[in-house]
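Both complexes shown next keep subunit A, but they swap its partner, so subunit B is in the first and subunit C is in the second.
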Partner chain A sequence: MTTPTAQMVRIMIDGMTVNVPKGTLVIEAARRVGVMIPHFCYHPKLKPDANCRMCLVEIEKVPKLQTACSTPVDEGMNVRTATTVVNDAHKSVLEFILANHPLDCPVCDQGGKCDLQDFSHQYTATSRFTETKRVFQKEYFSPLIETQMNRCVQCLRCVRYCDEVMDVKALAPVGRGTMTEIKHFGFHPLDCEFCGGCVQICPVGAITSRLSMYEYRPWMLKRAETICGYCGDGCQMTVQTKGQELIEVNSAHGAGRNNGDLCARGFFGFHAASHPQRLTHPLIRRHGALVQVTWEEALEYVADRVNEIKAAHGGPSFGGLISGRCTNEELYLFQKFLRMAIGTNHIDSSARYGHVNGLQAMQLVQGTHRWTVTFEDILDADVLILVGTNITETNPITGLKVKEAVKKRQATLITIESLEPVVDTMSNIANLSHHHFRIPTSDTHHAIVGLVKAVLEQNLTQPDLAQRHPTYVNAMTSALQQISWQDLQAATGIEPDAFVRAAKVAAGARRVVIMAGQLLLRSEQGYSGCLTLLDLLLLTGKLDAPGCGFAPLAEENNDQGAIEMGTVTELLPGAQPITNDTERERIAKQWKGELPTDKGASLIEMLERARVGSLKAMFIVGENPVGSLPAVIHAEASLRNLDLLVCQELFLTETAALAHVVLPAASSLEKHGTFTNTEGHVQAVRPAIEPVGDSRPDWEIFSALSILLNSPMEYAESKEILKEIRSLIPGYSSLGPTPLPPKVDHSAVDRYLTDGYQRDLASRYHPISRASRPDGTVRLELAQSLFHSGKLSTRSKGLLQVEGSGRLRISPSDAARFALSDGDRVRLSSTSGEMTTEVKIMERVPQGTAWFPSHFGQAAVQLFECAIDPITHVPSFRTATVSMMKVA
Partner chain B sequence: MMNTWIYARNLVVGLWIVFKRTFTKPVTVQYPEEQPYLPPRWRGRIVLTRDPDGEERCVACYLCSAACPVDCISLQAADNPEAHERRYPEFFRINFSRCIYCGMCEEACPTNAIQLIPDFEQSEYARRNLVYEKEDLLISGTGKYHDYNFYRMAGVRTRDKDKGEGEHELPPVDVKSLMP
Partner chain C sequence: MTFVEKYKDEIADILSRYPVRRSALIPLLYVAQRDQGYVTESAMQEIAHLLRLTPPQVYETITFYTMFNLKPVGTFHIQVCKSLMCALVGSDTVIEWIKTKLGIGPGESTADGLFSLSVVECLAACGTGPMMQINEDYYEQLTENKLDRILTDLRSTGTSPLKSGPFMWPEPVKT
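Moving on, here comes the complex of A and B:
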């Protein structure tokens, strides 16, 4: 696409004058004055191809008709779209298209929303071509996507989308002329990212979704605009339902932060909410078994037990854990319920698993709890640095922004990832990278240190930083002098030159955005890695420069919200530290009560206290510590030790199976609320269906319990909670189209530069001691899979068809070393445990490493040791050294 | 005098009509012993017809239910695993207690499956008996259109014919060949 410059030109379209930037396409300019030019192959996201010839228009002084989708506007241009000549041209183009189009509208799923159908009606098109029609052989295409190539109009939108936007290149046109067919490569069913983009972008019924095949006509569906509940990107999606039945999900072009793009989880993962195993009734444990009861019974039982335990042991004998998949309103009410109705500070959420690392680092260095950049800044960046993101699989839509920045806007990409740069069935960000540091996840920190060292040694630091804060720069310099390039090269396997080159690029650029992903945030060096990245920004003077910033990517959809709602033990609503007395007073006054004064315990500490018996009761909402924490934490034993365990869950998970009371909760497709995405944008969640069975939104349960516990928190609807949140955190969630990122707090930066950095400088920059891995072992890492998010998506029938079970991903060279082929079973054993699984050979996996998707990780998680960050209390259990052996 | 003349004339004219009707054939039909004649396009009971091959014609495109002004048609499309790739209605239900016999469904039907036939005898003692399921609606003939077969010209594969064996169809494209 020609990039529109600031220069405006004036053109006439059907007698209407319009001023548009020079370089705009005629079709776009016409859209601005409300003139819709018919088209098939044009799409605003794609480069013009002008292959369908449907958008022909008459331009004065141009002898022939021109395609509006590929003609840029010029000063004084006079375009006519409604003349007889144009109309005749459209008609005959349509006639050609219909020459081969089958008459199968009645059995076509696109019927009712088909561009070809609409234009046929508009032009009352008939075809004089009575010759025989071409047909294509039909083959099984894929489990989720259905093709019927007879219907194809060969606009190639799907092929171009797959290449230009997704960078997957899974589809290609095969054949010539009318005989062109869209095919994937190879004789096996389609194996790709399954983003559903081709289904969404196909103007006719050639590519449709198999999940909703034959289920509906568009006019029968009810639509709800909501936010995807699978990852921190916060994509807006339209959930289409027929009664209580979930039929289809899509996202309109231009909608939300995702601009209408979705990933496999968003597009095909919606069936999790309507899984038959959903809990529909409250359950109480009687004589060792969970039995079905009414809500009144269950809530009264909980209230009675809470009162008993509170009277005997006091408020601090309670603890609470909530999932970062709940809405802001629920997260807020949960911490208010625990702090006010129960009187405990032992609160934690799943943000503890990693997001807290990034947040604490940001608060220490730049004094904000949010990104100082937005997705727009990523698109506009000159240099993007990705650290431990595996962005395609963890945050696919943020990944699309990176791809767009690199492919269309010429940004330079620096990646510190463990990905092998190979062409694969999925897009691979390492292929787009200009400076790729292929480093095992556990050594990511060394590569960051390498960059910082290069910056300091090449004098790429901001000139006046050394004058203003000489102690900081000197301390950094001397700390980094202890780390030699030889050690760094030995640890990372990368030449010092590569670091120097990348550092020069980063320091010389105007707009630099650093993104840290879950592989870094959830690792042992999560916190120190983030601090080091912030050091890198500080030293190069990019921290407070416009368009620059640090962006830790949230894995769960509302991790950011959990932090801002104060649903972690060390924070109050507004992400204020709990030690801040003025905030405590202000909030206590608003809540008309006293905040508990005890020092709160984080998740791991709570479980420890439960094991020794000082914690008596726990509320666990949507979290499954038994299934997701490694064996060394002894989560199951701890929870069994409790006098009262109340779980609010969608499904009977391993944790819920231990509970004394299980309360059925409504999923995010069934309730109102807001989610805060990873860039800090608060977006509205709207219900698509009624709560399944007797399930209720979590906030209603907290509210009902608080009334029974005599400290009523009554709300008629979740909006009232949002109002209360706004009164505590002024300006929270303006729900506008784009977020307004906070500015770097200069007083916080100064504090950090004078003494804040000293706290853990030594632990971050220490000489590298390298433990070698014994022969016959691999480095096992818990990885994120594109097709799943958390464990909820493993209940989605669509996603299970793509990835139905956890398979160990190993590199081809390791497969050769252990004499393994695809589908072989192996036994992995470490000092903590062992498991048996199938292997899948993937070229992107680096040698010596094996990835296991964490979503099926119940067995795998037992192999890991758990390290707990002393400052942020984040448990990390992502890497382990295991021996691998083939079994029959 | 004048009045008497008018009375006499009316009496004669009236009696003339009486005697004329007495000797003409009566219009009354002795229903139900005697059945009235209904023209073939009479809009009465709705049926689902079959194509000449004997398969059900309905492809569950939902157009009839969309066209119905009183919303009395409900159906669910499904894929028939036995006759592969043939879309068919899993259930098809017409509530005749609501139907106004307007014939819009017949006009909307792209496959000539739904047809209104000259039959009005649908009285029931219970209203629920006026809800007809697919078994009640489906007849074994082709109805008004004897030759039409949607799946012969839709370009899709069905149980009895492969790709390219329908009407106006070329043999399937061989993507490995470079010939047009």
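Moving on, here comes the complex of A and C:
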């Protein structure tokens, strides 16, 4: 890492002077003055390996040519990159490489963007080699990635990427010398994270994507720079198309918050939008069946029904639910439409499933609705604390930041995760952890409490906190005295000493970032767990220290936007509480109307009201409560009770199938707008293809309806909505390269320290009661899988090839206990229901626990009870004790 | 019984000698090879697990070194050095002789399962080439005549007085 204080040196490159920090590699210094030194094995993301010898340059006073990719600059260095000697060297290196290269460019997918082609043109290298070329046996490599080893230039970029960046280590150079080829394990097909990184980083056509094989030449494709719609990391990607056909996705090195890295979902998941089952026409229910109609008919029908119901029952008999897959513009317009055109505050979104827990905790303790840190702070952190994240599978790119911080920048990693630290086919963050608290998800809170207790007992609290806020510190101290180490150890299986060691490391560090993931956020302790983590930062004086902060990870790509656009019940646009009268007035004035006065109902409350009949109509956009909520909520019965259910969807989901009107919506690959990522960075979404069939962007649908309902919200394009958002939310983030995080609001902190903490101190810090699980049962948890996220991944043919169905992940010891082997079928039953599924044995699963991938969890969901957080109204249904039995 | 169970004590001893766990890879692969005559896939997986490596990493190591076999070899594993020094003094001819006498090329075994032939990189006997290693013994300054005698001896007695001794293998320091 180059520190800002690094000494600058002055060097000459081809006669040009350049000032760079000492230690910069010659190849990078040259790049700064526009000199591109040819290279294969060098890549700025990887440690120099200097194996290909392509980058040789002359350095004055050094007798032999040097590799620019591994030579650091020093004061006064004089480098020449284009002398006859250098050119000759480049030519001969190319000649060596071409000696074995098949030159099958006409059938190679890399043709047109291949470094070897480009350099060969540049140096007109020819080969005097007349012997036969090496030929590797063609082998099946994997469902998504293809290798053609005859083309390999043996630069090992793929192997190094998979190890250094991904920490997966799925690729290996096999054999020796010329006959080295890149393989997985023997003849086994590749089994890995399928991040596509090796495909992207290979300088030639030796590793390519099967999804776009033989489909194109680069110059035939149209490109759109946009943001991935699968998770809150918000990766920038380039979607390449031929007409309406989606061909390939990649991400340029250095692009976006992801720095050009993608995960399997981003790289291989793009076909969801062109799935043949996309809804292409509006549908209306007639005589019980959904039939195709025109947009005019559908919209007029909706408007008529809305007018009737509104006249009979009033605005508050309506409710709305929207998904975080929508753009900010759509989320904004949705709530404006519901509040102004319909007259209801019953608005909620997918953020309710967990993100709201982190939000409310941040608002209470530090008065922000966003992280106070950015990805850069994760990279620069001295100590990172991960709590319930399973980050590799949920937020893979944030995970890469953590890996980089730990592997390259020596950060200390503390993890409170249910993962066993084992090496298998996917990276496992617990393997990099220095203090790993392996604990079942449902007991996560105990481990956080352990850290807080250690901080208080070891006097690791910020010295003047006790003076400024004695009541807070005393209350905390006495609350934690109630909890004995003995009980904590019994509940967590972790020695008190381990907590003390980790607490000391965290308290002693300068830059500490705590990340909370879905496993915590979506659990019953989601809200309290976040508060306790914030207590930890407060007590150690890190809450407002530079580079420190709390970072709840968003699951859906625009959950953060949903909060900031006011599409959660408790908030207005700008994440202002709906109870804030000045804000209400300000917004009403801008909107030139009156805001409804009712207290909004959250998702579960809306469903309850629908069930008892006081809610008459709902607009559901991109959400599928019938498929996602456990049976105990009776979502289907509730929705069936409605007089009007309007769904805007890409596919006919279980929920849409119940609707009176289904309106086909355009996917994020088909529209303009913005997404706000988990860090709170607002990024531009651009269309790669035209809306499929007659589908339309969601905002256009709200706008069209508003006109029919006589409270017109007309916009020529989504940019105009963004303009309105900016006028309403002062300074709503610019689209710059790096987000500017908000600062901790000290008056909010003071309020929290004075009395805010009291609200639920007792419920968070209470003596632990021990519960034991009966024999023959396992703790079933819904967990996210790397290959599926968001609303659409199960429609992506690429991702389905890697994971096409849900299999119950169990530990080897439970497999032995229940006499199960891979692929056996089991019946799971709880008091709420039962299901049958196949098992998959995975060593990372802790004993006594079984994970079911949430994206195939519709049957599993029925086994869960549902707890509703009394403060945040978040429904949680992630863990259940179930009995497991082998079935034939 | 798994490989790791079978050689529990020996493995523990090997592991105790290396402060960095993965350094024990090659010694463990030797144990696995001694067991089956070649390194089986399941042994690779067990060793990977034991050393916290991925199976591809273990596979990479095995394929880099010529002394590890990935498939069964004959009772006598002939390994002819084909690196530069030996090549200059006729290692190609040695390989040809073997081909004619035993009817096998590099990577092949005789039908009776007695002999297998490999060509390998420098075995550090460059001054006395052409040379070969059979199982753990070196045979140097080979001539056609010598080769005939070696093959006959091996067939009849399982060993040959023409060997110049086992290649050096550092014994652990006994304390």
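For the reader, a short list of remarks on this structure follows.
Here, the second predicted complex is superposed on the first by the 879 of 888 C-alpha atoms of A that agree within 3 Å, B and C clash if a C-alpha of one lies under 4 Å from a C-alpha of the other, contacts with A are read in each partner's own complex, and residues count from 1 in each chain.
Here, contacts are C-beta pairs under 8 Å (C-beta built on N, C-alpha and C of every residue); 3 or more make two chains touch, one makes a residue touch a chain.
These figures come from a predicted structure and were not determined experimentally.
Residue contacts after overlaying the shared chain place A:Gly111 against subunit B, while subunit C stays out of touching range. Of the two partner chains placed by the overlay, only subunit B lies in contact with A:Val135; subunit C stays clear of it. Contacts of A:Glu215 after superposition: subunit B is touched, whereas subunit C is not reached. Measured by the number of subunit A residues touched, the leading partner among subunit B and subunit C is B. Contact with neither subunit B nor subunit C is seen for A:Ala816 once the two complexes are overlaid on the shared chain. Using the contact criterion defined above for the overlaid structures, shared-chain residue A:Arg176 touches subunit B and also reaches subunit C. Of the two partner chains placed by superposition, A:Val85 touches none, neither subunit B nor subunit C. Looking at the shared chain after the overlay, A:Gly186 reaches subunit C, while subunit B stays out of its contact range. Within the superposed three-chain model, A:Val423 lies in touch with subunit C and out of touch with subunit B [touch as defined at top]. When the two complexes are laid over each other on chain A, subunit A has residues 174-176, 183 in contact with both subunit B and subunit C.
Note for the complex: subunit A touches subunit C at residues 168-176, 183-186, 422-425, 431. Note for the complex: subunit B touches subunit A at residues 59-63, 66, 77-79, 85, 87, 110-111, 150, 153-157, 163-164, 166, 168-173, 175, 178, 180.
Interface of subunit A with subunit B (complex): residues 102-107, 111, 130-138, 148, 150, 174-177, 179, 181, 183, 213-215, 217, 219-220. Partner subunit A is touched in their complex by these residues of subunit C: 41, 44, 48-49, 52-57, 59-60, 63-64, 70, 121.
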